[in-house]
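The same chain A turns up in both complexes below, where it pairs with chain B and then with chain C.
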Partner chain A sequence: MSFMQTLLGAGAAVAVSAASALAEPAIIYDLGGKFDKSFNEAAYRGAERWKKETGENYREVELQNDAQREQALRRFAEAGANPIVTVGFAFASTLEKVAPDYPDTKFVIVDMVVNQPNVRSVVFKEHEGSYLVGMLGAMKSKTGKLGFVGGMDIPLIRRFACGYVQGVKAVNPDAVVFQNMTGTTPAAWNDPVKGAELAKAQIAQGADVIYHAAGGTGRGVLQAAADAGVYGIGVDSNQNYMFPGHVLTSMLKRVDNAVHDAFRDGPGMSTGLVVLGLKEGGVDYAYDEYNKDLITPEMKAKVDEARQKIIDGEIVVHDYMSDNSCPVK
Partner chain B sequence: MRRIPVWADVVLIPLINLLLAVFVSGLVVLYIGESPVKAMRVLLQGSIGSAYAWGYTLYYATNFIFTGLAVAVAFHARLFNIGGEGQAGLGGLGVALVMMAWDWPHWALALPAGIIASALFGAAWAAIPAWLQAKRGSHIVITTIMFNFIASALLVYLLVNHLKLPGSMSPETPPFPPGAHLPTAHEILAWVGVKFPKSPPVNIALLLALLAAFAVWVLIWRSRLGYEIRAFGHSEEAARYGGIAPVRIIMLTMLISGALAGMMAVNAVQGEAERLVLDSVQGAGFVGIAVALMGRSHPVGVILAAILFGMLYQGGVELEFEMPAISREMIVVIQALVILFTGALDNMVRLPVSRLFHRRGRGGGRAGAGGNG
Partner chain C sequence: MDLDIVLQLADSSVRLATPLLLACLAGLYSERSGVFDIGLEGKMLIAAFFAAATAAVTGSAWVGLAAGLAASLVFSMLHAVASITFRGNQLISGVAINFLAVGMTALLGHTWFRQGGQTPQLVGDARFHAIELPGAARLADVPVIGPVYAEVISGHSILVYIAFLAVPLTWWVLYRTRFGLRLRAVGENPAAVDTAGISVPLLRYQALVITGILCGIAGAYLSTSMNAGFVREMTAGKGFIALAALIFAKWRPWPALFATLLFGLLEAIGIRFQNVELGGIGTIPVQFMQALPYILTVVILAGFVGKAIPPRAGGEPYVKEE
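Presenting the complex of A and B:
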């Protein structure tokens, strides 16, 4: 029994030190990896921005597989991290189970809704941002054929695709959009080789603008588009710089803001549902020195007009996830 | 190869292997500009430094005991079952199907059901390669590893298309009913008045793993079937001459092996996740090979090696948390180094050590009678 007591003593010491430590915020990245140049990296940038502003530290971890989610969440909660930000819808069921065990810890989940009193759920209107890049793509396309490469085949990604196609058709009703998904498992977020293959197949069919919503897989999509001399459209982070002259624009999804705001609000943050659309600055299209030569003033005027109309509610972009169907193909 | 004392076989050589692996891992850590001493301390403290740490280490060890025993049993018949990953995955499917089929009233009912389901599914997945080996002579190494891929594809298909909740985006089953929940160490120790942290997932399946280890010992060294398995493993010709049917031995050994691997799901799927997720095995099927090699296919050795690998896994997770500079890929490198040294490069240490003993042995040292190789 004395052995057990030694163990328990050590455990108690850990618990005490955890409680007395300052409540550092923590972030858990999804399987795409912290440096996917897209979704997770946007979250990372938000955390870094907070760090620069406040000079304080945060804790982070990258997962190796699906089964680690619970351990990672509990590990941070036990260590007294607060709030804990989980980046990605795949944390939903784990958070549903873990959050009630730590009622004094605040959790944030991006891209999914978890109905627990200590969880803030941040979701984005990706269809609005995708609509704008779809318009730009259709105006740029010479062949009238465009491509979309999704990551994992889930309603969330179909929401990107549906918004994109609506934007394309708003400019050119006769345009054709080829759509492919990389896979059906989370591995689809980090498979640039397959992303490139899908993009090449779409280019072979005549596509000259390809939009990806595939996290780390998108690197391959943009690469293939640049290699073939056509245009890619980035997602989540601003990816214009990756292949200057070949990335038409990027659909910005401000995951960085979601992370930054959660860290800023700290343990006393509000919980519940937060929806970020064009109006709230949650999504947008990217325009910077890397793509200003690709987007003519006429294109920009047209898309900015639509942007304002969406904000004003004059254009309503259909949300795939509202009824799990898309009015256009 | 000449015999060496048992203690050297089961303790000294693995220890030297381990130290070599630690040394090389230390060099790797040094190379990326981190302190190997600090990494070692985090690894040890994170895996055995507190009750919380032990809770996770033993949870991982439970997985490895099952898969290690699975490989060990097959080894005794000179069958190299490297399909533990797929068999354990299918075991998880069996557990999930049974747990979701009924609103289980109590774990005392759900536990045996989970054991039977996981063992049956695991055994069934091993049965096909076994039959191919026994009847057609298709090499078991090739078939079992190919069956890992088939299992993975099958699980993806079932989870994505049939088992996940409609409308859910994650390929995973809904949570099992509360009655399927297995008592964790926290709950078991609370019955006897001992406090144990609530969050570590170590659960009653650990006791099941220890029971399974004992059962394997009885089977291999105290039963007629075990004798036949070992005889077959040592010499198929002699076993055949002695009236042992190869087809029967191959089938039975592989069924037992597959069942043991499948039972890992009682711990990982029913005990921890309480729902079936993708990749629920987390590589434990392959770690089982290293565990069986390091444990010299003896249940006691398997248990010790499993605890060591449990420490590595849990310590590796802690490294990720405490030293973010050591990325997840680095952790895999360190774990792989240990597997490389203890498993693949075993003979590199074994030969010099046995020569050393042999030289000293002429001077009157006692030659060990044990070993089971």
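Presenting the complex of A and C:
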């Protein structure tokens, strides 16, 4: 049995790395997996950047199921890790419960707001970044039909979708956007098979640009788009390199900065709400050597103009989460 | 609902049904020989991993397939040794195989590729790509038959066609060959087979070799054709759905085809139709559409299958009378 436990424990893939120093920071990845090439991987890169800069170590754990949230949080807190970064909205209810028990430990939650004196909540204006990639998608689309594949069906993901559709409609008011969500459970973050099937269904309906906000599921979406010779749009991390020539752009969400800054600030960091939009460099669209041939100078000029207008407040992108509804379909 | 949607659904069903079909036929050989096998899931998983890992390193999907087959065969033989030679409990051995596969793939995957148990993305020849059947483009304009041929039948990977050819082949082996007769007999009444002077363990070992091969193809299909790489626990219960389909099909090859296609169709419907607008009544929520395959599974199993009688000697290790 102990052999089996070893194997199953190893199934947790990345065990808590044990190195003892006082007040090491810690990070807990969500169910999409540390190497989802998207959301969690962005957080990982932020932690690694901090490690490289300071030469210090941090602790990490990758969750395998929902039940481990509280266990992992408490274990790190008991072990003296400080600050502890939780990557993902799903930690909110657990953190709400755990944070008061460890008043001297600082916690960070990404994508959700937890009102506790020792918690820093980092949220992003995903609708602004999604607006820009929506514009690029609409300018690239020949059919006037675009797709969106979300991960778990939650308001946060609807915020991506709503911003995207607004961007699409800003360029082409007649465009059609097909929207699908992968599921209603956290498993929807890591189901590339379903992601690919959803994308194929949208492509079959005529979509030639598909944006995903689905973590690991998005690998399947981008792959299906590349297989069919159309364009995918990546999310969170820069995913342009994954299928060069078939990833139009990526909606960058600088989760890496959120993690890096928290680690840098250390135990004495400020708490409270931090909102990162285009202006703060929290979101953006990706333009690099992998997609520079896909985006014409005119497209770039147009989207950069809109980018500046959003920063200046001339264009206000509707935030789905402000009223749980979207003005455009 | 127009023809396009029907065709897209059928196309998607075929893709989704393929791993189920292969696993279902794998289970059919094993269970017909009197060895219960709930380790189909684990065998598919280990095959998917080794196929993707080998394909990623060598760049050849065929070498990957061979590695997947080998891995699945090793696991199948593990089950055979435990349950045939040592007469262990077949269910326990199957569960052990499933656990072993989950742990091993994650451990090896992370050790080798350092990506949390995934393999690198497979590109180019490291994957089985869709093949166009001859004449698909030319026939596409013929009404009804053309689109059906071009969209549903053509344009899948070679492994899909192997899976569908395995159905008539299985039927032929099972009902038209001496081996098939003995295989069916050994699952019903091993003592009679033994009396006729035929080795019961040998027959069961042969059946499990076939099971291993079919699971190996199913796994390789998942990671090198349907997807571009291995993801942790990517089989996601398909081995168990295949077992349900096997019961639904009453351990027969042709019904197995229809059962797995039905499960594939239900999954395709769940994916394709999310929020369905019903004129006047309102919207069917996405949760219901996603639960639909499972609800229908229960309804079908409870209401339409009738009595499914497993092979009589299933699950019983054979002890030769002294």
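Assume the second predicted complex is superposed on the first by the 308 of 329 C-alpha atoms of A that agree within 3 Å, B and C clash if a C-alpha of one lies under 4 Å from a C-alpha of the other, contacts with A are read in each partner's own complex, and residues count from 1 in each chain.
The rule is simple: a residue touches a chain if its C-beta (ideal position, glycine included) is under 8 Å from a C-beta of that chain, and two chains touch if they have at least 3 such contacts.
Not measured: the values here are computed from a predicted model.
Visitor: Can A:62 be said to touch chain B (first), chain C (second), both, or neither?
Guide: both
Visitor: For A:327, select first, second, both or neither according to whether it touches chain B, chain C, the two together, or no partner.
Guide: After superposing on A, A:327 lies clear of both chain B and chain C.
Visitor: In the superposed arrangement, does A:156 touch chain B (first), chain C (second), both or neither?
Guide: first
Visitor: If we overlay the two complexes on their shared chain A, which of chain B and chain C does A:184 touch? Say first, second, both or neither.
Guide: It touches chain B and chain C both.
Visitor: Looking at A:229, would you say it contacts chain B, chain C, both, or neither? Reply first, second, both or neither.
Guide: Neither partner.
Visitor: Considering only the touch criterion stated at the top, classify A:74 as touching first (chain B), second (chain C), both, or neither.
Guide: Only chain B is touched by A:74; chain C is not.
Visitor: According to the stated criteria, A:281 is in contact with first (chain B), second (chain C), both, or neither; which is it?
Guide: Neither chain B nor chain C is touched by A:281.
Visitor: Quick check on the superposed pair: does A:220 touch chain B, chain C, both, or neither? Answer first, second, both or neither.
Guide: second
Visitor: Figure out whether A:97 sits in contact with chain B (first) or chain C (second), or with both, or with neither.
Guide: first
Visitor: Using the superposition described at the top, list the residues of chain A that contact chain B and also contact chain C.
Guide: After superposing on chain A, chain A residues 4, 7-8, 10-11, 13-14, 62, 184 contact both chain B and chain C.
Visitor: Could you please specify the touching residues of chain C with respect to chain A in the complex?
Guide: Contacts found on chain C: 4, 8, 11-12, 15-16, 99-100, 102-104, 106-107, 110, 115-118, 121, 129-130, 222, 226-229, 231-232, 234, 236, 268, 271-272, 274, 286-287, 290.
Visitor: Which part of chain A faces chain B closely enough to touch in the complex?
Guide: Spelled out, the residues of chain A in touch with chain B are 4, 7-8, 10-11, 13-14, 59-68, 70-72, 74-76, 78-79, 89-90, 92-93, 97, 101, 112, 152, 154-156, 184-186, 324.
Visitor: Quick check: in the complex, which residue numbers of chain A touch chain C?
Guide: The touching residues are 4, 7-8, 10-14, 33-35, 62, 153, 180-181, 183-184, 190-194, 196-198, 200-201, 204-205, 216, 219-220, 223, 227, 242.
Visitor: Can you tell me which positions in chain B touch chain A when the two form their complex?
Guide: These residues of chain B touch chain A: 49-52, 54, 56, 156, 160, 167-172, 175, 194-199, 201, 268, 272-275, 277-280, 282, 317, 320-321, 324, 327-328, 331-332.
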